[in-house]
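Both complexes below contain chain A, partnered by chain B and then by chain C.
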Partner chain A sequence: MPTTRFIFYRLLQMLLVLFGTVTVLFFVIYLLVPGDAAQAALGNHATPEALENLRRELGLDRPVWVQYGIYLQHLAQFDLGTSQELQRGVGGIILEYLPATIYLTLAALTLETLFGVGWGMLMALRRWPRLEALSSVTSALLLALPVFFLGMLLQYVFASRLGILPISGTGGWNPLNLVLPAITLAAAQTAIIAAVTQSSLSQEMDKPYILAARARGLTRAQAMLKHGLRNVSGPVVTILAIDLGTLLGGAMITEIVFSWPGMGRMVYNAALFRDVPLVIGTVLVLVIIFVVINTIVDILYGWLDPRVRAGEQANG
Partner chain B sequence: MGIFRKRSTKFVWLAMLFAVAVAPVIIMGCGEETSSSNVFTYAESSDPASLDPAQVDEVVAINIARYLFDGLVGYDTETSEVVPAVAESWESNSDATEFTFHLRKGVRFSNGSEVKAGDFVYAWSRALAPDTMSSTAYAILQPVMGATDLADGKTDKLTGVEAADDYTLKVTLEFPMADFVSLLGHPVAAPVPKDEVENAQFRFAEHPVGNGPFILTEWKHDDQVVLEKNPDYYGQDASIDQAVARIIPNPATAVAELKAGNVDAVRTIPAGQTEALRNDTSVKFFQGPANAVRFLAFDVTKPPFDNQKVREAFAWDMDSIKIADKVLQGQEYPADGIVPTSIPGHQADVMPYSFDPEQTAKRLEEAGFPGGAGLPPMTLYYPGVGPAADTAQAIQSDLKKSGIQVEITGMDEGAFRDQMLSGGMSLFLISWQADAPSIDSFLFPLFESSNIGATDVFQYANPEVDELLGKARSAPDVNQRTGFYNEAERKILADMPMVPITFGQDAMVYSPRVTNFVHTSLGDIALDKITVSQT
Partner chain C sequence: MAGWIHESEQASRPMARAGLDAASEMAAAGAELGVANTNFGYDSPRRKHHTLIFAITLAAILLAISLIVPLLPLADPVEPDYDRIAEAPGFEHPLGTDLHGRDELSRVLWAIRTSMIVGVAATGLALTAGMAAATVAVYGGRITDAIFMRTADVFLSFPVVLGAIAIMAVMGPGRRNVFIAIAFFGWPIFARVFRSSLISIREKTYIKAAKVLGAGESRIFFRHVLPNSIPPLISYTAVATGGAILAEAGLSFINLGVQRPDPSLGMMLSESMGQFEPAPWLVIVPGIAVTLMVLIFILIGNSATRALNPRIKKAG
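Take a look at the complex of A and B:
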């Protein structure tokens, strides 16, 4: 069956990606990040003997390739190790931070999809010269504004001045606290999705099947919703899938501005403390999520766009 | 019916998206702004790594741990003098090698068990044991007999501490140290209940059980830490019912939260906003001394700094008033010695030099480098960014005017420490913050020659200074002791292995709602003394 083979190759690919990630990260952190975990743990007053003991215990006195081998061995047993800075299991730490990250990521993705696709559809519906000028200015602004600046601007206007939304924090998971960070995170991508939707939809709208639909009496908007949209879902979903990966791991700045307890801040601090197990563990989990999502998306393509299915059947 | 079915699929899909995005807002949107009025909320910039008193080593964690745990002694809020806590009284033998502490009866951990002498024996042994990975235990408890062997993993028992009975703790020291008690207010020396530490169900670092004025009731990492007043506290009850430390990494966000009335105090002021906030009438500004000194350090064994005249030339070129007031915008203040003003026994104005470029020129000529000619290439290293970087730039530009060329290089803190301890730099800028408010912790670790290779980063050795510091440690009379320390400080400054530049200062902003803002000279917000208006 092609599907089983597809999934098998996907899993194999995923293992290779994971192995590569572990290897590269391990050596990059080991070679590039300065400092010594034992000295960091015991402080300036530690006696040389105590430092030696701890280095031995952490395995830091062994050659780097032996440390790498030990790490891989633990990993094969699904053991992500213990954070050197926080002294607790890496798996547990990730589970603590993951919900806040997923919550924010889903909110941002939802905003991107609703507003990006909506905006693109509106612009593709027909030519509105004034609106098009406004649209391209807005788009340029959203893409150019640094996340840090946009976040603080929103904070100033909607929280400090107007007082209608909270400034920062989770507020005990109050959804209102989610609004500003989600907008900040989604802003630039919304503009991209809008542009992609608009350009692909505009092309589709000139195709014969749309004309045929119009001939059956559908309005341009109906034809777009009914037929056109489905045929441009491919590129949009691709962007969203890539976004999901960046959002999960790269929301650090937004998290700092809005005091959001997510993975970006956690892994940034871990890197500062040269906490190798925590950094690699976090990145691994993110890579797994990313690869799984992309596999699902590949399957989704077929569901969303019948032409992909038809192509597969023709080839297979 | 195909058309309808397809349409409804799409509709369901959109509806689900909508539900994910909006429904939670509708369901839970009505928030829970039910905070009781007697709550003090303050903004911290980072999450504590641990709240185990044996492990706390940063301001955020120490500030919390100090109010969860009471040790044998505490410190006076204003003067940093030692005051009784769990120990009601104590005495030492005449050569300051044996201390006997008499414990208060009826002090309880928040799990109900009584604090006894055995809890200190357990806590100290545990803090020093290598498995605990404490960065402060050895700094504080080093004088105790057997501490080094225990920290090195040679034994598993701390021989110098013993419970004579439930309420009497006997401590024997490795060497005389009359001022030993002044180290013991650090959380690392606080008692911990053995059965809670060894309870496998809860990690003690996240679920600490203590005997202090507050109890930890909630800790959401990188979000907030909630402390509640301990109803069974043996001492003076706190005025506030609850203290909340909100973790807000961006200082500008923290100030916005303060102005919106969501937090009552902010510990870290945004860079460059000190002046603006000082003049802002909607918030209150606090500034007070901290026990830290920033100095320019030399490796006195490496040329050209093995030449006293060269060190003097540098010293006369340090414009510490300009650095404090202009460069650091008053965040720090000019040093008048090595020991900061907030430390009991501080002596004022002991600097043998001030800013005078003419003296620098004179010293350079005497050293054989007239106008700086012939000096080897030099690099001034400093850790991190911010004040250290600004100070290094100011020093570089002043030295240049006197003909002394130095490169400046900023380094990551970890790398800086590694290179400093391995002797890889001969000119560097560092800040020393002591773990306890005692003169000894500013002079002994830095300048006593047995610390070469560790904290004596200058490779400085002067037998007279060693002797004075030794005498000070064994002098039971406080005035005599301070006299020895002060004399040692003057001798060190005359030898000039380092040039003190500024003393640290804590600057914070708080809300007018705080009716009594209390900051200790140790850099803590005094959660047990602070009061807020209950409106």
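Take a look at the complex of A and C:
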């Protein structure tokens, strides 16, 4: 498949997924909100006339497909609605809290890449009779530890006991504030990246080109660094992009533990007040970021590695 | 060796191998739910079934505990007793009391029951829905297949925690809503795995043999295709149960899960934030309870993969 057609195909797929995402969220709101948006906005003591007026204004008296059309129209104009609690545009509120969440997520992504890939490389280098058991137990443990529990443990050890790191993430963009939240958020995904790296790298290390490199006098480590690693970068980067979604979800919880001034705290408060437009808007923005980044990674990967494009064609 | 990675690569072969497809299958099952099958090649053949049996025994004990909790002679988990706030573990309260003077042992056992109910119900619902969707997709012709699988793609684009946050904010907290929210975004993984499994089993020689022998379509499906398509789902189901327990704890931690006064491990931890210094048992007891529960299910998933798929053993 030619590159342009591959890119076009992936972009089309992305648009379909985004359209579906928006539709799912619309029906989540439409079908599941008890009462309706007018009731939610005005509270239980609103007069029937006020309710009626607001319903007409919001289009709630129209059939569902008209409401869906209005919703899409608003989204196309980047209008995510108005927060019921804060009486401000949802888009503006999200933009205010987004940077802190992105900052934390990127830090966790960096940690997870460095330690995950390093760990996977170490385990793929050769058999380690003792280390393998330890590694296996550690990874299962990292996956099982809930982020909030890990966060509280780290807070206790490094902030309360040792006093070497700040206990919360508030108070400016001091990189020290970032250390504990980022480690907490990255822990489980590090185990996943390590597993993916180790598994694809050990397969790669059995291939003839590695043998050829070894025959030319490279050590196993050199062959891995110079040749093997490059060939597993594709799957690892793809998993990293998918991990981003988990990180964004996990960030919501990590932020609460560390009082991180990002979207997690904002959604926490919004959810307490059942501020549906704000919560749904936030989820929508995060899912869009996730889908777009995954598409970009896919396109780059397909562009760099012709095997992916070929596979796409073979399977329709 | 990380079993899923092999398995999902085999499973995904009939499907488009781009981005949100092959990789997401593995990651969806693992990363999206916050868990993955990572074993790092650590397996000694003599021990594998022991691990599986051990883990299943532990899970059975958990299930038994959660079933008989109401019959046990425990202190009331809900009624506060303000005369004995945050008492250290002692004779009368083996695990101490919480900030409202309630017996921690009783609360943690009741919370384990909540976790098990939500975890098993959410996974059961997602599994059933996913298997039904896959069966319809495979037997319903090309167009039905495309519709169902693209729908699965849309649901897969929601990181489970984010999607569940949206649903919980809309529907309000409560045990029933939590398991619906988790299953709502959990089914596509099962649909994906089961679909690949069905497709590959349908092509097997023994199915053709049954056809030649004159077996009817439904007999072939229920007697031959269905039983042979299920094994790949087993480890996903175990790990997904752990993932659902983690998701429930996370949602309850941010007040979007189980409703007070139902005890929940996530909520117990969120109430104990900042209590590590004065009352460490309030953090450690529920934290370890969640971690162990998830660990047991990851262990079942890991060892089941290996027990069911001897090829992975050799590859390790």
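In this text, the second predicted complex is superposed on the first by the 239 of 316 C-alpha atoms of A that agree within 3 Å, B and C clash if a C-alpha of one lies under 4 Å from a C-alpha of the other, contacts with A are read in each partner's own complex, and residues count from 1 in each chain.
One rule holds for everything that comes next: a contact is a pair of C-beta atoms (placed from the backbone, for glycine too) under 8 Å apart; a residue touches a chain by one contact, two chains touch by 3 or more.
Quantities reported herein were computed from a predicted structural model and do not represent experimental measurements.
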First (chain B), second (chain C), both or neither touched by A:T238: second
First (chain B), second (chain C), both or neither touched by A:G217: neither
Touched partner set for A:P208, first chain B, second chain C, both or neither: neither
Partner chain in contact with A:I256 - chain B first, chain C second, else both or neither: both
Which of chain B and chain C A:M152 touches, first, second, both or neither: both
Which of chain B and chain C A:E96 touches, first, second, both or neither: first
Touched chain A residues, chain B compared with chain C: C
Chain B versus chain C as contact partner of A:T110, first or second or both or neither: first
Touching partner for A:L54 - first (chain B), second (chain C), both, neither: first
Which superposed partner A:L86 touches (first chain B, second chain C, both, neither): first
On chain A, positions contacted by chain B and by chain C: 33-34, 152, 155-156, 160, 256-257, 274
Chain A partner contacts - residues on chain B that touch it in the complex: 7, 17, 20-21, 24-25, 28-29, 31-32, 46, 49-50, 55, 57, 130, 133-136, 138-139, 142, 148, 151-153, 203, 205-206, 220-224, 246-250, 252-253, 256-257, 259-260, 262, 411-415, 417-418, 421, 445, 453-455
Footprint of chain B on chain A - complex, ascending: 33-36, 39-50, 53-54, 57, 85-88, 96-97, 106-107, 110-111, 113-114, 152, 155-156, 159-160, 163, 166-176, 226, 256-259, 261-262, 265-266, 269, 274
Chain C residues within the chain A interface of the complex: 1-2, 5-6, 14-20, 23-24, 26-28, 30-32, 34-42, 150-151, 153-155, 157-163, 165-172, 242, 246, 249-250, 253-256, 266, 269-270, 272-273, 276-277, 280, 283, 286-287, 290-292, 294-295, 298-299, 302
Complex interface listing, chain A residues touching chain C: 10, 13, 16-17, 20-21, 23-25, 28-29, 32-34, 123, 127, 132-133, 135-136, 139-141, 143-149, 152-153, 155-156, 160, 188-189, 191-192, 194-196, 198-200, 202, 235, 238-239, 242-243, 245-246, 248-250, 252-253, 256-257, 264, 267-268, 270-272, 274-276, 279-280, 283, 286-287, 290-291, 294-295, 297-298, 301-302, 308, 311-312, 315-316
